[in-house]
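Naming follows writing order (A, B, C and D), and every chain is counted from residue 1.
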């Protein structure tokens, strides 16, 4: 365990960013999102949840894959370069770290997504233990301890110090590089802080929500439930929940014609959109109810069915905070609880 | 496999001099979809067209781009050429390399670069063109002529003689127009009434002609071949069917204070009146602003003297709705108001008159029974000064910028007539130029100068001052002698400019015909289509299109009639296929498009829509392609881009934008 | 509120309506959701309080296709949206029974959270029957007090008035909440230099994640398929790949609703990134008012909108009056 | 202020078929010159010009967009330019509000008889855009040269 003075944070960030890019929560026009650090950045480590999750550092909202150019009447394809520089992702909360683990299941299993893989290999994750979890948080339901997040390095906010705990080789390497800022520390204050956090966690309304009835074998039972037809109705079919979610991984492939050729890029897509997976014959899911059901079935049933029981929800609660119609995964789970309880 | 062919025209050296046509061809060949590109001296020539046709046939082209002059010039030519070769005519696009490139830019590099881009844009557009097929619509075999002057009468007679029905709508109580007010005509000096009245009678008697006198066009809807027109027949208060035209009512009418319109307000007429003796129809009207009975329910004398019982004080305006295949505008002209020209003392002296007023004074049926006399004191004038171009050819905004065209000749006519009848009267004419380009016109003017001794002074008049002794002093300049002149006159005649009738603006709006800054109706082409308006089915006759004299008016009237006959002779018309069309699948039925449609072409239907197998009934917009003229207002009003314009589609224009900005 | 519930049950019982479109209680004290209630029993979960900001009128597009009549609750500002939808034939008047409900200003949970309040377990003081002066917020970190006004949505501070423009009956009282001018911010921006204007909007729009929440919640954005989802202009966009697309989407969206936008403020309410989207719409509204005369979209369901109308003497583009 | 002589702006001109396109033809017919930077797109009426087209042009790297139509009152379709006038007034005002220079957009009424006006308008417009320099605020970086 190491520590550094909070007042040294800027100096520490400057030191890293001299050699490597640092992504961290930055406040811009009143909202906090991950961005590349520079000396003018308004770093904001106090806001618990960035609007968009940390996933965009590894899986950006849009990225060019290759470019097709025309030389006279011949076609030339140029592949976009893969990430080859080291970078640091700083200040990630436990839920978002877990979110990246979910994405790894998708993008690092065969066929491997080379763009994602390259970024994962070059990125060091410095996670941040939560000090003041909020009412929409339910990470505990997914086995996440927000007081002890995963990551290459974990930082704990204790009084005037940040405590620093390297957990992996990558983390050790970063610790090495920052040796001049870090001093050895006793882990007692951290333990104490964690106790405090866990106590609060126990008080939060969603933390203990039960997922017992949601598992990979629940497909037909859940799919056929009449509950969906009732609870989907407020949904306006926007992509807010999808785009702020740390685990949503669907993307669309699109072409953009520049003056110098066509760029093929991918961008996040949302299963809530009416043209999601649109094909020539139309759409598989023709109603908003079906689309709504898809999103939650995928998170809580299909994904665990294909990934050894791992849910593709991490309980960050962003969708709870941001849904324009105040409908969300918690309300879905509760609606089923009620329905199944009645039975 | 088919593809696009590009044909670059040299237009002799018109294009080739400032555009490297070979380069344009080379660059065009690199564009996607282009399978053929060539250049030629004159693409519009028979040989040029044959090249295009050959390429279409041999290479099975799906689209053609002709890089030539403006599409306004030869788009139709090349479309026809493509059609003959078996390609849909709407698969042809024109890159305007002449008017908008080679003629504008002097530098060959610049010109070539732009030509390549314009060609590229046309290629991008044509690759999104779709085959369009013109629709068909029927033709109502009847024509409407708006205006019953010599232009309208002649047009109506010519159409009727060809066997088609014609209605004339005339706003005044009688047909005849301005020509009826004239005394003699130049250059032959024959009596205007003598040549006009037989035509008026012919029109009235013609079984195919129906005259709506004292009537106005109220509303026009529809389109070429199928116009629907509301005509307001103003209340005459005299039953047309009963009146015998005896004239007793007019004699007895006690209200005689109204100024006679026909006599240019120089004398009075009764409240019940026909404008002039030879009026057609010879049925009087009651002027409700003058009639004592209609104003305050006193009098009623005319009804008592009318033996036919034709007077009907309760008559009301009547709206008649009629269908027409073609409409001819023959609304004629008015003399301008002289408010801006008070330096000539028109408002101050009764002896300063307009030429039209002089016509009435000279006319035997006029206010002075044809005696040349001063209106102020009835004395015979000894010195008369004519001032030309009053309100015509003005460089400032005071008057009209154009030449009224008829004034030089009627002034020569007036001068000759006066000198002939009153040899002791001195006549002086102040002019800017004397314009006599017409058959026997210059000879006529020379007779005025040489034979009749009319004193022509080149120069303008600055001022006319009424003197206490009743005379007028004319302050002018003699430009040839370069000196100031002061001429004493007993009478001054102003050659006031003519302007289109004020109601033409309203009529043009109803007909969606455009008018120029001077309120003359714009012709479809100033040289090649001078009697057609840009609105299909609307034709122009007489001064509404521009100043003209009688022979010109009559020839144009005949020309307009021929165009109408040509139209009415058809049983079916092809409609412009470049119309708006809604994508029913995605239409919201929100009515935004219908709200901006100037033709009322969009309606809504609840339609069963099949969206990839899901059937739902939606309210959707439906465009009547016969009514739609293809302006595109609806396409922008539609937020979802569901309403599109064929031939100028959203994606076609976007493709052009992209190509230009590439 | 009981009066309202009783009346709704009455209307369900006598068959006037077969369902109620209203708000259903949330589980955090501040997150009610729009809901179609199909029975009197279901109405036990009904709520109408300060957090019921959602404008329900757009749900009636779907509601108009349902069997039978729907009872809809409309706040004063929602009635403008409803009128506009009626004008555009997107909802059917005979499929709806409107109860105009009173409004004392709607709350924005983000404004409460922005005061550093977190871990909220309940909020008291938001009841429509209450005085609406102060909110008591229970949190796991202790109890906090917030002045009602300080927690109100921006739109309520510049409220168009508490008069319902369309209804079958009215229930519950309103309180005037307007204490500002809705064009103040537009005026301020108009006064900036082009550089400053550009800088300001660049910063705000750079946050946009193109989630389409603003569009999908907007009662004026009722297209079956948006131009940005279709190929009608070769214009399909799913993400803001380039800053241009951020601007493009919002300019065109604002233009498409110009003259139709009732300034209901839903776009700004739902934006997850807190972009003040109403500033686009209000610019158009302000210009329309200044150039073509005062016009309030949705005041009635008949008047021609300013962009489907003209006069012969309109201002020329680029001119300022 | 020094004007960059090298800068060749891209100017898109939408001209209505009946008046302004004919006015441009007349300018050509009268050999009145204007910069080759101006490229004309023919539309049936100024009311056909969709804001989407204008923004698309800027997206693709246009430095200025001008719309020409018949004079108010002279529209071939009688009312088209009245609608265009309102639309463009509002759109341009919005662009101004977003910090896009006012001089990059313009509407001008040019009749078929106004070849001179067409050419002077284009000369003026192009020089105004040249003065501003390249459009950096409203363009897609992917489309830059």
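Some notes on this structure:
Note that a contact is a pair of C-beta atoms (placed from the backbone, for glycine too) under 8 Å apart; a residue touches a chain by one contact, two chains touch by 3 or more.
Since the model is a prediction, treat every value here as computed from it, not as a measurement.
On a Cα centroid basis, the chain most remote from subunit B in this structure is A. In terms of C-beta pairs in contact, the better-connected of the chain pairs C-D and B-D is B-D.
Distances from each chain's CA mean to the overall CA mean are smallest for chain D. Work out the mean CA point of subunit C and of subunit D, and you get 37 Å between them. Centre-to-centre separation between subunit B and subunit D, using Cα means, comes to 30 Å. The geometric centre of subunit A is 71 Å away from that of subunit B, both derived from CA atoms. Centres computed as Cα averages put subunit B at a distance of 53 Å from subunit C.
In subunit A, the positions touching at least two other chains are 256, 259.
Residue numbers of subunit B whose C-beta contacts span two or more other chains: 596, 637, 641, 650, 654, 658, 661-662.
For subunit C, the set of residues touching two or more other chains reads 225, 227, 233, 235, 241, 307-308.
Chain contact topology: the protein chains form a complete graph, every chain touching every other one. Here subunit D touches subunit B in the complex through residues 10, 12, 17-19, 21-22, 24-29, 31-34, 36, 39-45, 47-53, 56-57, 60-62, 70-71, 73-80, 83, 87, 111-113, 119, 143, going by the rule given at the top.
Interface of subunit B with subunit D (complex): residues 70-72, 96, 98-101, 103-107, 110-111, 113-114, 117-118, 121, 509, 512, 514-517, 522, 534-535, 578, 596, 598, 629-633, 635-637, 641, 645, 648, 650, 653-654, 656-658, 660-662. Residues 186, 189-190, 192, 194-202, 227, 233, 235, 241-245, 247-248, 251-252, 254-255, 258, 280, 283-284, 287-288, 291-292, 306-312, 314-319 of subunit C are the ones touching subunit D in the complex.
Across the complex, subunit A meets subunit B through its residues 70, 72-73, 257, 259, 281-283, 286.
Within the complex formed with subunit A, the residues of subunit C that make contact are 26-28, 31-36, 54, 58-59, 118-121, 139-141, 203-204, 206-207, 209-213, 215-217, 225, 229, 236, 238-241, 266, 269-270, 272-275.
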